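The structure under discussion appears below in the form of structure tokens.
Labels run A, B, C, D, E and F following the written order; every chain starts at residue 1.
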Amino acid sequence: MNNVKQEKTVVTMGEIMLRLTPPEYGKIEQATSYLANYGGGEANVAVSLSHLGHQCCFISKLPPNELGDGAISHLKSHGINTDYIVRGSSTMGFYFLETGFGGRPGKVIYNRKHSAATRMVPSDYDFDKIFSSACWFHLSGITLALSDNTRRTCLAALKAAKEHHVIVSFDFNYRSKLWTIEEARKYYPLVMPYVDVLFASPFDFRKILQFNPDMDDADLMKEALKKYNLKYICGKTRTILSATENEMKAYVFPYDKEPIYTNEYRFQIFDRIGAGDAFASGVIHGLIKDFNNPKKAADYGIANCILKQTIFGDVSTFSESDIEEYLANQGSEEVKR
Amino acid sequence: MNNVKQEKTVVTMGEIMLRLTPPEYGKIEQATSYLANYGGGEANVAVSLSHLGHQCCFISKLPPNELGDGAISHLKSHGINTDYIVRGSSTMGFYFLETGFGGRPGKVIYNRKHSAATRMVPSDYDFDKIFSSACWFHLSGITLALSDNTRRTCLAALKAAKEHHVIVSFDFNYRSKLWTIEEARKYYPLVMPYVDVLFASPFDFRKILQFNPDMDDADLMKEALKKYNLKYICGKTRTILSATENEMKAYVFPYDKEPIYTNEYRFQIFDRIGAGDAFASGVIHGLIKDFNNPKKAADYGIANCILKQTIFGDVSTFSESDIEEYLANQGSEEVKR
Amino acid sequence: MNNVKQEKTVVTMGEIMLRLTPPEYGKIEQATSYLANYGGGEANVAVSLSHLGHQCCFISKLPPNELGDGAISHLKSHGINTDYIVRGSSTMGFYFLETGFGGRPGKVIYNRKHSAATRMVPSDYDFDKIFSSACWFHLSGITLALSDNTRRTCLAALKAAKEHHVIVSFDFNYRSKLWTIEEARKYYPLVMPYVDVLFASPFDFRKILQFNPDMDDADLMKEALKKYNLKYICGKTRTILSATENEMKAYVFPYDKEPIYTNEYRFQIFDRIGAGDAFASGVIHGLIKDFNNPKKAADYGIANCILKQTIFGDVSTFSESDIEEYLANQGSEEVKR
Amino acid sequence: MNNVKQEKTVVTMGEIMLRLTPPEYGKIEQATSYLANYGGGEANVAVSLSHLGHQCCFISKLPPNELGDGAISHLKSHGINTDYIVRGSSTMGFYFLETGFGGRPGKVIYNRKHSAATRMVPSDYDFDKIFSSACWFHLSGITLALSDNTRRTCLAALKAAKEHHVIVSFDFNYRSKLWTIEEARKYYPLVMPYVDVLFASPFDFRKILQFNPDMDDADLMKEALKKYNLKYICGKTRTILSATENEMKAYVFPYDKEPIYTNEYRFQIFDRIGAGDAFASGVIHGLIKDFNNPKKAADYGIANCILKQTIFGDVSTFSESDIEEYLANQGSEEVKR
Amino acid sequence: MNNVKQEKTVVTMGEIMLRLTPPEYGKIEQATSYLANYGGGEANVAVSLSHLGHQCCFISKLPPNELGDGAISHLKSHGINTDYIVRGSSTMGFYFLETGFGGRPGKVIYNRKHSAATRMVPSDYDFDKIFSSACWFHLSGITLALSDNTRRTCLAALKAAKEHHVIVSFDFNYRSKLWTIEEARKYYPLVMPYVDVLFASPFDFRKILQFNPDMDDADLMKEALKKYNLKYICGKTRTILSATENEMKAYVFPYDKEPIYTNEYRFQIFDRIGAGDAFASGVIHGLIKDFNNPKKAADYGIANCILKQTIFGDVSTFSESDIEEYLANQGSEEVKR
Amino acid sequence: MNNVKQEKTVVTMGEIMLRLTPPEYGKIEQATSYLANYGGGEANVAVSLSHLGHQCCFISKLPPNELGDGAISHLKSHGINTDYIVRGSSTMGFYFLETGFGGRPGKVIYNRKHSAATRMVPSDYDFDKIFSSACWFHLSGITLALSDNTRRTCLAALKAAKEHHVIVSFDFNYRSKLWTIEEARKYYPLVMPYVDVLFASPFDFRKILQFNPDMDDADLMKEALKKYNLKYICGKTRTILSATENEMKAYVFPYDKEPIYTNEYRFQIFDRIGAGDAFASGVIHGLIKDFNNPKKAADYGIANCILKQTIFGDVSTFSESDIEEYLANQGSEEVKR
């Protein structure tokens, strides 16, 4: 496959929420204040890719109030095109995050069931126009989980993207607090035919796409690549030592080549939300630069993922040079002065 | 009418929400953090009456998560009996408050449409038990506005309260962001037959109860007292000099006596949310102490209302001696040292 | 004169600095933390006009470091086009603000003498391209004061603007901490021939443009309008009651009509920095909407100016409806709920 | 021994203080602000047991001012019965905590010598009434150390508890900043005859109860069990790797069975104050559920102890399910979303 | 009387405490954090005089812990000589301040009864050495109120000061939370013979020094000047409009001349603690510069007093030029930029 | 060599800057506030030595504004003599610090190029007077890097120090953001003849002093000791495991004895700025106490260095007993209570 047209836009679509986090590792029950930032899977990918030098456009629906304005201001501050975000319905999606510490795991409380994003409908967007100048479209299973409306909108967008020969990446991102596996099993298969680059784990193939659970991981990947005619399946494996220290490595399974693995890294965590989105962003960045160098893409992915976890909030704001530096030094650098 | 049995419980019923306020008079659009506190009309009345020395019980429905736990912890910290709060449904009600300053008015964004409180149903509560040990029941038009469920629950509670000869106070509290006047007109009249002490303004009688709009204010009050067989109609008039400075006086119209007015006070505002609830609390406190001294009750009401506005949050935590002191000194006191 | 082409861009040019303010009315000498925001005369005008619905472009020079990135992120978050900002030189301009309170006046310490903005040169910018799609150009005397480089750049920009028939507004903004009146006298006269809409006070005409000091204010204005062929001279008079309470009214002197005055407003101040820029923004907004309605423009100017002073930071983020509401209610509004 | 009557109340008695902690690992000498929370050994045990589902009552003396009110509000917010707290004397007990970091140990400065709690006298409390509805009484050596008054009150309470067949637990908690070992030696022996469940270390037996110092730890425990007719001796051993990382395991020595040990855990520390109280709470919870399952009690103790150290403040607010989850996953859990 | 030797040291003696203030006008009962600063009458006078250009020495006793270190660090940071502060005893004096707002008055809770300062004894200090290089000694009734120890130390210091011909100023500062009027009546008279410059109100003469209560204010002053052979009696009258707005004017009664009054000022209050100390400091500064110009001294006093109230904390850090500027502009100044 | 005269003053000279740090490990680009503290190599050494019990004097130049006042107040609060600091020029030096976390390295942005300190000239200081009462002079390569002015001032100071037989220590502290190695090579050799105690690494000898790069480290040290007639060369080696965890050991090479090494310590980092200055301070303290015990000095150095890194800011405020305790316990201590 030839390389991606870098001068074109990366499009992502989904929900962006207000996140509320008790400061200083506090518990929600006792919180007297919350830190506020905006985040959401596909929005986070757009932000990171913007910092990695790409033109990015985020598609969504937001309420016509100050909270919606705040989300747009956040996106614009990172250079995202927000022209296609529709304003309507009355409610912002939120989530509360209780940050884990050491032996205490983090917790999330969602408040997004009736949000504006769940009201996205295909007719809200001129997908033909949007994708005519796009080179890549990224979507995740979270948007699929939101509502019948969003599911219809996802499929309409995927169809339009394909018609415009836009590369499609999809991140499984199954969330048990949003829907059951039984519900999910109905919709993920509808998405698969459109996907070029898939972010998924063996769990996803076995439980959601209902592959033979006894197959070993590598065979599962090969079968999936073939069955859905995917270019790459990407993922990462995380060992949780504590809420504040993890180990991680990434893999890419190319269509007909041997799997590729990154080094394994042990790292400290300041805020782990958005780690997966940063991973996807790094991989996409690598593939846009050189679609035929999945090793580089996987390295970009894992480094961006780890760096994200050293800063507060849902988004990675690291540049390519920050990432290259991490890969060169493995995180063991002096203060720059 | 004889005095209220002070040793019995004051019951209030409604929604308690998480309030999120940008610190330092900030705007919601730019907020990077929020102050968090809990509040809601009838809950605020219970809290203030607890600080004024009464046994109080608050009835509501809250989600079975950490946010619901936080609301209960808040209520308990002020000594409220929370045994009758039902845990269920999945969503906490919220509201965002942008605090006004000088020439810039405050703003509220509600996020409560699908909250647990809107799912309150009569069968959730053993009203017979609750009111058997109660002396007073306070309710407001906000709870009436929430849903058909809450309306049915209000009426069931009012009926039970009356059967137990409990005094009923009701605060009109019409909120245009919750329902239209047309909708409101259907339900307020259903409540009126149960009410003994009413908090309402001429606007409420004209627009919602559809009294003759050309009648003057005093006649309106007299007619209302007679029509609904009320003991007292209470209210306050506020002159808004700026978001941070107001003037206020209170009135009480007794059933068959001359109206009573308090002094007019000019005062500075730190946080005006809950002012009306503090007023109602002060009046109820006065009437529980001496049902036949509406002047004292009005004074307690206005002082509690003004003092509330000097502290952050939705609730008044002032004691009777704080209020007496305010009335004695009109707010012109030295630091106590 | 016909109306301004609203679909075109408003261009402003100058320095944007990092402002550091001790929180809670603290003194710089004892500060252990600072609030940080970005601001600068012409940048503030661009931000406010963006919130008032205009396409805006800000021209400047910023260092190629994280502080420069932060300034650009701030501008983008408000929807400003930053494509023409040059990155170079090594230093960000700063200023420290000690916020006044009551009888204690505010203080500013500048640290901008060697900033990147002082290194702006005409060849950094393709003014021909910039102004070909512009309808308005706004500049202030602060940029003139920075360096010989900025003075040359100002004149090159003004010339190009005029060639493209762009309306030019200029705000005197004389700052004694940046240069002496003697120095200023050399350069303001060079700017005057390009100006259509002037923001200036009688002081400016007498001291800087060296008009006859004995002439009365109105005659001074008339003479200035004639001498420089101005369309409008605008300004405001401020009575400082304390650092936290002022009175203000605005005036516009049209070329050959009677002067226009707004009401006088007494208002409370949360943060007075950027008041003049908000005034200019309001006036420009009014004139872009209807160049022949200076009364409306003056009202927009004074209301935007007062509202700005109710929020933290250098910029007004108010919409036209916020401003209309202020003018309608004179700041005496209820919380909206 | 039969199981404890769970429907009855757990009573604890002691001092609750205001704790003042410089934020962000700051030093007291340079502090410009302090975080404030309330805590004290026996009060912390009551709070944790309340979160573990027990009815709890805390006995103490507090000054009749806003600081005393704050302590009571804290206790109530956690559901503690505060009806038996006497208000009197004029001074609140405080302590300042400098939180350690890495190689720098924490420090405590007490200011409690003349506190209201030191004035507790037996006649302040109706112990007969208090213990008639109690199932468990917990006390610690800290209360013993405060004053002759508290010592007399402790003995009166212990006596009453025994008369009502209430289980008594006692935590040695020797504090060298409160009294010398010589002083302590006089009073601990007076308490021992009342104790059923003892929290103590070999150090305590050797130094304070003056057992033969050459006996090995296990023999010491056996002798102590026999000598004082104890049901269980419980404790934990801590290896301090740094102020922010420790290792810990717990033990229980039953009267006539083999000692029981938990796993050893390595864990990160956010705030280590109250660790011992959380351990005692976990053990007591286990024994109340099943007095004959000391292994489960020890596990609850160690997990509650470690979880406490991941949150700010003196108290554990974890539920049984949080603790079970920790034991199942050893702290290696994903964010729940 | 000749002028004071300015090159010599101003000595003050008393207690310096840690002050703890809930932020943002919060109430103590709900506080989750406190702002911390150091203050105390005579210490505040030393700090302000240091900022006004004088060599200052503060005499006290502080505990040998980090809190005592913090107090010394505070004093040193303002240039005070702390060489004569004795370290001993174990407890720091504290006070909690609830800042008033509008109609809600401030509150103070003292925790100083057993503080190190109450243990000051004459033998702790080499007064002969201290006063041999001094020009002025300032003391207040607060130190007199602390304990028998401090009273003996005050008298020893006063005696030594007089022997070295040092000017003595004394501020009545009667505090009802420290002692009763009956107790105070025993000790103030012992101090009077040493005083040259007295800060006192008619109340003080009538109630504490037991002058004829029916005498009018001016006669009272004259009699007092004569009776105690005072050079000046100084004071201020404050009208409390609200906790955040006051009016104030100052007076000086010279020994045998007509009384002098300053203008009356209306001003806004950020933090009123230390206002009286700032007044005394301003007056003392004026008298040190020119002992025969009480008008100037009174103006310095009132301006320093008002400026103090615009900043947080107990101390005035204003310079003479800040004060002169205030007097010239009456607080109506522009931001300086 | 005989011991240093401890009763005399330690003099250090250089720049002290305002440091601005985004709180909570935040990035500069997104910062909305900064923590502020003062620091600079030689100033930090003076502060630490003051806490270790020495009379210290810091020589510098600071702007005559509130920022300069703040720096002086900081120095005074730590007991430093600031009498020889000249006030002049208009600009404070700053630096912005982005604190690293885990795999993300810290970053520094300097803003000091035109600061007052760069304008220090020899005639600003009476070095003869300054060094007549001094026992030690400490300087670093940072001051050398600032400007031609500072270089001339350094040499004048060194010359005067030597004339007064003051021990001179010098820390290479090469900073690539201030000058190139080529520039540095011209000036370091001019300093070497004055130095007694040198803080330097093999890198410094090879790259800056241009020793034979192939020589091994120990030979390099020996040659340097001989060539420059040094008493001691001291240094530390750091292994960066992450931005928040390091390993470190120190070495001292005496003139004609075997090198001395400390233990290697693994430690956690809260704030690593000023680590080198704390190391130098510890070593200097050791040598002042006993010039012939370099082992003790190295231990003091490494312990002070590690302890510094557990607190916020540029300075170590630890006492000798804190350091001794660290060395005794290796950082594994209990909370002291």
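Quick note on the criterion: a contact is a pair of C-beta atoms (placed from the backbone, for glycine too) under 8 Å apart; a residue touches a chain by one contact, two chains touch by 3 or more.
Not measured: the values here are computed from a predicted model.
Student: So if I look at the partners of subunit B and the partners of subunit F, which chains show up in both lists?
Tutor: Common neighbours, subunit B/subunit F: A, C, D, E.
Student: If you average the Cα atoms of subunit A and of subunit C to get two centres, how far apart are those centres in Å?
Tutor: Between these chains, centre-to-centre, one finds 41 Å.
Student: Just how far, in Å, is the C-alpha centre of subunit E from the one of subunit C?
Tutor: It comes to 46 Å between the two C-alpha centres.
Student: Could you list which residues of subunit D touch at least two other chains?
Tutor: Residues 27, 29-30, 32, 73, 107 of subunit D touch two or more partner chains.
Student: Can you identify all of the chain pairs that touch?
Tutor: A-B, A-C, A-D, A-F, B-C, B-D, B-E, C-E, C-F, D-E, D-F, E-F
Student: Which subunit B residues qualify as touching subunit E in the complex?
Tutor: Residue list for subunit B touching subunit E: 265, 267-270, 306-307, 309-312, 317, 325-326, 329-337.
Student: Hey, which residues of subunit E end up touching subunit B in the complex?
Tutor: Of all residues in subunit E, those touching subunit B are 24-27, 29-30, 95, 97, 100-108, 110, 175, 177, 240-244, 272-273.
Student: Which residues of subunit C touch subunit A in the complex?
Tutor: For subunit C paired with subunit A, touching residues are 73-74, 76-79.
Student: Inside the complex, what are the residues of subunit F that reach subunit C?
Tutor: 20, 23, 27-37, 65-67, 69-70, 73, 90-92, 94, 96, 98, 107, 109, 111, 113-114
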